[in-house]
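Here is the structure we will look at, set down as C-alpha cells.
Chain nomenclature is as follows: A, B, C and D, assigned in order of appearance, with residue numbering initiated at 1 for each chain independently.
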C-alpha cells in the first residue's frame, strides 16, 4: 500500500501543474485550475492520513535505479518512517488550507489560475523532498522548491521589488546549496553512494571498509556535515544567509504562509534531522550555535519592525533557529515537534495577517490603484530596505478586533501558542521541549559556556512573546489609527476564515499530541519528548567508533541498538539522559513560563496600557534601538566596505534592502559583475582576441607584399611553373 | 628507326609548343602551341605502344585517339572562351586580361 | 645507318613536322602560322603511319586538319576581322621563354638519351593488319568502353558549354 | 548500409535542392525538410534498435576506399555516437523549420549548404577511419563558413573568417598528429612490418600493445597535444574560444543552433573517441593529478567554467550571453572527462547531449525575440512576461535547465561531472562550483531584465511566440524534461561504451 499511496500523493499535484503547463503551451486553460489544484491537494491529504497507519512497524525504503553507471548506481526512492509521515501530513494539510484560503485571497488576480498551478508544483516538489530516501533526491526536491519559491515570490513580477526579491532568494539559497553539493561530493567519494537507508550512508558509516572514525575521519565527517548543513542555512534562512526571507514577503501572503513559514523553510530543519546520524559533536555544535544566534538576533530585529509581514518573517527565522538549536543540541524529537506545531501556528499567523491585509487591500486598491508602486519609490525607508506598503503597516491598524472577530480570535490563539503560554497551547510544549533539551545538553557537556545556548534560547523566547503581543496590541487593540482605512476594513469571506479556524484548532496541544503520538506508537508524548532522546557521543572523550549522534527512531534505531550491544558505555548513556533531563526539564519549564509572562506583561505595558512609552525607551536606548532597526548594521558594515570604494554607487546598493549577507551577495555580485567580469571581458577582448587579430594583421600585411607576384597574366604563371619544374628536376638530379 | 627518333621529334614539338605558349601574345597562337603539345603527347603514346608492348597490343593508339578527342573538346571550349573574352575586353591579348591581378 | 627509301621518307616527315612547327611558333602572321600548323599535323599523321597506326593517322587528318584547324581559322576571323593580324611579341619575354624552353628541351633530351630501357629499340618492321577493326572491338566491346562513354559525355558537355559561353546574351 | 544511407541522404537532398528552380522557395524548404526528416527517422530507428548490452560498434560498413594508403570507408556506431547522431538528426529538421521565414535571400543555396553540413556532421560522428574522420571534420567547415559569411549579421565576414581560420589552425595540428600516427602505425619494437593503417579500432588496439610505437608514452603525449588542440578549438577551450562569441552573434539563428548544438560536440566527441581511447598514456600524463601537467586538463575545465560564466555575466547582448554560457557549460564536459571515471565520463557525455539540446533551445529563443524586436540588448527589454507569457514560460524552462535545476537535464550532466571530478581533483572541483552560482546569477539577472518588472512601453504590441516557433522548441523541451527525470534513457545507450573506455584507461 505504501508505494501506491505515495505515488498518488506525488502525482496528484504534479498532474495539476502539468495540465496547466500543457494547456498553457496552446494558450488555453483548464476552466477551474483552482478547484483542480485544491482537489489534488485534498486527495494527497487523504492519502497522507492513510499512511499514518501504514508506517510504523518497520520503516522501509522503496527504491528504483534512477541512474546506473558502469560501477555506480544512483537510486531514487521513498523512505517512509514516522518523520516522513509527519512531514507529509504537515505539508499536505497546510497546503490544502492555503489552497482554500487563496481562493478568497487571490480572487480577481489576473494570473489567478497560474497561482494555483505554481502552488501545485510547489506541493509536489516539497512532498518529493520529504519522501526521498537519498541525498540526490532530497537535493532535487530542494532545488525544485527553490524554483517554486522563486516563481511565487516573483508572482507579481511587475513590481521591481518583487523581481529583485525572487532573484535574491534564489541566489542566496543557491550559495547554501553549493555548500550542500560539495558536502554531497565528499560523502559520495567516501561512501560511493548517496542513498541514506538500506545499504546507504547510514549503514556504511559503521563499516570500516568505507569509514574509520579516527581523528582525521571525525574531522572529515564534521566538515561534510557542516557543508550539508550549509544547504539548510540557505533554505531555512539561518544566519548569515537569512536576508532573503524578509524580502520574500514580496510574494502573495498565502505563499508566505505556505512556503516561507510552514513548509519550505522547514525543509532545512528536516534535512538536518535526516542527516542526524552523521552529525559529529563539532558539527552539532556548529548547528546549535548557528541556530541559537539566529533565534536571538532575528527576534531582536522583529521587535522594531512595523510591517506586519516582516515581523512574522523575522519571527519565522527566529523559530527556525530554535529548531536548528534543538537538533544541534540533540533534541531531535523536540526539534521536529516544534517544526510541526510551528508550521500550524505560523501558517495561521500569516494567513491571519493576510486576512488583515486583504481587508485593507480591497479598500486600498480602490483608492490608489496605480500609484502603489511609485508611492514608495523615493522614500527614505526604501533606501534603508524597509519599504512598507500601507496595507501592511501596523501603524495604520488598531482596534480591528471588533471589525474582524474571527481573524482576531484565531490570531490570538496562534500568538499565545508561539509565545509559549502554558499548557493549553501547542507552542508551549514544543518550545519547552527544546529549552529542556538544550539545558539538558548543556548540563551534559558540563561546560559553562554551553549554557550560553540555553541563555540565548530563553532570551529569544521572552522576546518572542514580547513582539508577538506587540503585533496583536497594535493591530487589534486600541483606537483605530487610520480612520479611513479602518472604516473600509471588513471580515474576510468564508473561504478565508474557515482555514483560519481549522489552523487554530490545530494549534491546540491536544490535537498535536494525539496524532504526533499515534505516529510513533510509543509512550505518551510528554514524557517521551522530555525523556533523553539522545544517546550521545560520550562526553568523557571515549569517541572511538561512535563519533556521531544517534536518534531515537527511524533506522537509526538499528544503529543505536548496535551501539548498545557493542559498547560498554550504553548504560552510562541512559543514566546521563535521566540525570541530565529530569531537572533540566523542570527548570526549563519554569524559566520559560516566567520569561513568556514577562514578555507579554511588558508588551501589555508598552502597547496597550501605554504606561511605558516605546518611543521614550527607544530614545533612551538609542544605540540599541538603532542596532535593531538597522538589523545589526551587518548590511551597513558590508556595504560600507565597498562603499569606500564606490561611494557614488550607494544608491545602487540601497536598492537591495539589505542586511548582512545582502552586502556579501551584492558585493560579490558587484565585484564580479562590474570589476571582475568587466575585467575578464576586457581581457578577453583585448588580450586574447588581440593576439588573434594581431596574427591576422601580420598575415594580411605579408599577403599584401606577396600578392604583387600575382600579375594576373597566365603566361607568367606558366613560366614560373615550368621554371620551377626544371629547377626542381635539376636539383634532385644533382642530388 | 628507333624509339628515340620518335621521342626526340616529340620532345622538339613539345618544347616548341611550350615556347609558343610562353611567348606569343595572342590567345589563338597560344592555342596552337597547346595543340603542338598535345600532338607531341599523342605521338609518344603511339610510339611507346609500338616499341614497348607486344605488337598486337594497340592500347596506346586508343589512348592517343582519346587524346585527339580531348584536343577537339578543348579547342572548342578554348575558342568559346576566347570569343567571350573578346566580347568582354575587346582584345585577346592575354597580358591585357588580368582581372586576377593581385 | 643506311639510307633506304623508308628511312628517307621518315626523315622527310620528321623534318617537315619539326620545321613547320618551328614556323608555327615564329611567324608573325597568324594565318601563316595556322597553315604551318596544318603542315605539322600532316607530318605527325605521316609519322603515325610509320608506327603502323593507320587508323590513328586517318583520325589525325580528319579531326585535326578537318576540324580543329578550321575552328582556329574561324576564331582568327571572328576576333580580328582582318586576315593579316600580326602577332605581338616582346623581346624580354622571348628571351626568358627561349631559355626555359631550351632548358626543357635539354632536360628532355638528356632523359631520352639516358634512359636504359629505351635504348636500342628498333622497329622490328612487323606489318600489322589494319587496326580499325581491332580498335572498334576494344572500344565498343572491350575494356575501353567506359572511358569511351565518359569521353563522349565530356565532348558533349564541352560542346554544349562552348555554345553556351559563346552565345551573345549570357543570362546575368 | 543503414548508417551510410543516413549519412548520405542529406547529400542527395542537396543535389535535389540544387535541381529545383530557384523561384519555388516553398518547394525548396519542403524538400529540405523532407531530406532532414529521413535521417531523423533513421536515427530514431538506430537509437531504438541499437543493442545496448555491448560496447562494440554496430551497423558497421567497412569497404576499401583509397587502397594506396590503406584508407577505408569504415563507419559504425557505438553508444556515444548514436546519441550524438540522434541529436544531430533531431536538430536538422528543427533548424530547417527555424529558418522557414527569416532567411531572406538565396534560400536555395542556404538549404543546399545546410544539407551538406548535415552530411558532414552525421559522417563525422559515424566515421571509424581516421582519414574519413578528418574528411568529415573538414567537410563541416566549408558550408559553415558560407552559412555564417553570407547569411550572417553585420560583421559576418569577420566572424566567418575568424571561425574558419581558428578551426583550420586546429585541424592543421590535428592533421600533423594524424600523419604521425599513420606513419608509426606499423612500427613494432622499432621495426616496420605490415601495412600502415588509419583504422581507428585497429589503432586503439595497437596503441595498447606493448612495444608498439604507438604505445610509446612520449609519442602519445605529443600526439595527444596535437589532437587536443585541434579539438580544443572546436569545444572551445579557454585560450581558443574567442571565435565562438563572434560566430554565434553573427550567425543566423539556425546556424547558431547547429554551432552550439553540434559543432561544439564534435570537439568533445573527438576528445573521447581519439584522445582518450587512443592515447590513454597521453591522457594520463595530463590527468594523473600530479604536478601542473597532471592537473592541466582539469584546470582548463575549471577555467572554462569560471571564465565563461563571468564573461557571460558581463554581457549585455542576449546572444553573446548564451554564447559565453556555452563556454562555461563545455567546461563541465572537460572537467568530467578529466576525471576519467564512471560518473565523470558519463556526466560529460550527458552534458554534451544536454548542452546540445538546451543551448539549441536558448538560441532558438533568442532568435524568436530578435525576429520581433530586431535587437538583442538585454537592458532594452523589460516586463515582457506580461506580454508574452508562453514565451516567458519556455524561456524560464530553458534557463532553469541551463543553470542546472534538478529535474531538468542540465543538472544530471553537471552533477555527475562534478561528482566524478571530485574524486580526482578535489580543490579544482570545489572551485568550479562557483560556476553554479554565477550561472544562476546571470540567467536570473537576464530573466529579470528581460521579462520581469514593468513592461517597456515600446513593446506593448509585441506578438506572442507563434505555432511554428513553438513547434521547434517543444521537442527540445520534452527531451530536457525527460532526460532530467529519467537520465537512464540516454545513459543506457552508452553505459557499456563508457565501461569499455574506462577499462582501456585503467589498463595502462
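Quick note on the criterion: a residue touches a chain if its C-beta (ideal position, glycine included) is under 8 Å from a C-beta of that chain, and two chains touch if they have at least 3 such contacts.
If you're wondering where the values come from, they're calculated on a predicted model, not measured in any experiment.
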item	value
Subunit D reached from subunit C - shortest hop count over touching chains	2
Chain pair showing more contacts of the two, A-D and B-C	B-C
Closest chain to the centre of mass proxy, which here is the mean CA position	D
Gap in Å, rounded to a whole number, between the CA centres of subunit D and subunit A	38
Euclidean distance of C-alpha centroids - subunit B vs subunit D, Å	51
Chain centre separation (subunit B, subunit C; CA means) in Å	7
Whole-Å separation of chain centres (CA-atom averages), subunit A against subunit C	94
Subunit C: positions in contact with at least two other chains	93, 96-97, 100, 104
Residues of subunit B whose C-beta touches two or more other chains	18, 22-23
Contacts with two or more other chains, residues of subunit D listed in rising order	none
Pairwise chain contacts under the document criterion	A-B, A-C, A-D, B-C
Sites on subunit B touched by subunit C in the complex	1-9, 11-20, 22-29, 31-33, 35-36, 39, 42-43, 46-47, 49-52, 55-56, 58-59, 61-62, 64-66, 68-77, 79-84, 86-87, 92-93
Complex contact set, residues of subunit B against subunit A	18, 21-23, 30, 94-95, 97-102
Residue ranges of subunit D in contact with subunit A within the complex	162, 165-166, 239, 241-242, 307, 310-311, 313-315, 341-343, 346, 383, 385-386, 389-390, 393, 396, 400, 405-407, 411-412, 415-416, 418-419, 422-423, 429-430, 433-434, 436-438, 440-441, 444-445, 447-448, 451-455, 464, 470, 474, 486-488, 491, 495-496, 498-499, 502
Touch list for subunit A against partner subunit D, complex	21, 24-25, 27, 65-72, 136, 139-144, 147, 150-151, 154, 157-158, 160, 162-164, 166-167, 170-171, 174-175, 177-178, 181-182, 184-186, 188-189, 373, 669, 672-673, 676-678, 680-681, 684, 688-689, 692, 696
Complex contacts: residues of subunit A adjacent to subunit C	715, 719, 722-723, 726, 729-730
